[in-house]
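Labels run A, B and C following the written order; every chain starts at residue 1.
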């Protein structure tokens, strides 16, 4: 996600020569690759999902805080059940599951397409946000319930490990590389993380329950949910899921635009240089040479 | 009840902030793309099927 | 594949034998870590003895990261990695060989660290075979995942900071299992409690070794 010219992927060197001839002819897009567009239909879908998500969330909050009754055992604290399990479901299952499946689809030769890679990246980034919400809302719920801000409860611990795995994925993606290389690397990391999660799940469950002296902590388990509570709970899940979908769509679009900009940086710079210099740029110029040096400096050396 | 409010406020605040950031980021990128591509922009249909598709009229919209 | 693995393992171990990096740098680091833990936890030997299993495994994890860094950097100069790929050696063999070499170094380090923990923390081991088995299985798991992640991050200049960040969460099951088994071993505990952890380690090792054998080749094409 950097704008450093040294990260430019010199993917299309062959385009240099033909472009030189194009300088005199009238150019569309000034000779650079066409920009991926977004149809008005998909924009409409995105807007509607966003609106419904917003309305749903507001409704959940209103219902959760004012309309629904407090619980017999937990009192008002039960109101957190309308958002905490919702964000947890999105972060742990929806976002992570989508990222894992997308990564797998990218790695599978028959379905390989940068679409899956970008989708996975979007899912992970949005997933991180929901993950943080899960941890904090869980912690806030825990303080009055268990008396501590944090407990090594199996679920909280698993969520924390997942957060670190997500962050590792994002850190790996920040490293400048050609889109395909970055995509493969990220997909592998996502795959390994996906395989690790069940193993961590079992480990942490046994760890927590076998440990002498610890109580099994489960704030939400003993609730009897019915009536307006059930409705609000369902609404919360739906609203948060739609919010995730909307964020995913926007983040995906951002990925497309970013990749286009990065991929075409060189071509754009060349076109600008052409229009400055008033003539075709040939490969021996210092500009290209400088680009070469920059690129070997920035690109990973095996 | 304090805790409940705190929890709701945090989650909503974070989600709202992130949403705003997404929209702002996309707008900034779309402007950069528009500037870069110049007038008379051509769109491709190379974007795969899904939520984000290109249309035949060929316009770049954020 | 096995012969290639033996070749690569032999090469790595011979390099280690001549340069003695693991011995002269990683081992002292492990000991220093143990000493620092002792400073951090205070002079109460009871507390340290109780914490010994966890501290041992954390020290092992740190040493693993260093060992993996070393294993990856051995081939980073003079295009050695490309040479390895072009030589026709089965990538799965390369993977197993490197993992075995790392595992061997780790086992030696663990012997040292075990001695350190017994001497420095007063840890008393009642069921030695559990210690041995847990160390072996844990080492295999760490070497398997470490070599995999080492390959993934090879050639990246940010490898030093990225590798631990990626590797350590993945190693969490090993840390948990190893610590639990050690605790059982120190408490003279029933093998029953240790058994399911051992089974977890076996599954962990099998899964990641399988992944490594299959995917090491494709990963190398990425780096």
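We take it that a contact is a pair of C-beta atoms (placed from the backbone, for glycine too) under 8 Å apart; a residue touches a chain by one contact, two chains touch by 3 or more.
Note that the structure is predicted; figures quoted are calculated from it, not measured.
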Max Cα-centre separation from subunit B goes to chain C
Central subunit by CA centre of mass proxy: A
Once you find the CA centre of subunit A and the CA centre of subunit C, what distance in Å lies between them? 31
Can you work out the whole-Å distance between the CA centroids of subunit B and subunit C? 44
Centroid of subunit A to centroid of subunit B, CA atoms only: how many Å? 13
Counting only residues that touch at least 2 other chains, which ones in subunit B make the list? none
In their shared complex, at which residues does subunit B touch subunit A? 1, 3-8, 10-12, 14-15, 18-19, 22-23, 25-26, 29-30, 32-33, 36-38, 40-44, 46-48, 50-55, 58-62
Show me the residue ranges of subunit C that touch subunit A in the complex, using the header's touch definition. 79, 81-82, 145, 148-149, 152-158, 162, 165-166, 169-170, 172-173, 176-177, 180, 193, 196-197, 200, 203-204, 207-208, 211, 215, 218-219, 222-223
Given the complex with subunit C, which residues does subunit A contribute to the contact? 161, 164-165, 167-168, 171-172, 175, 181, 184-185, 188-189, 192-193, 195-196, 199-200, 202-204, 206-207, 210, 300-302
Subunit B-facing residues of subunit A, complex: 28-30, 32-43, 45-46, 57, 61, 64-65, 76-77, 79-80, 83-84, 87, 113, 115, 119, 126, 129, 132-133, 136-137, 140-141, 143-144, 243, 246-247, 249-254, 256-258, 260-261, 264, 268
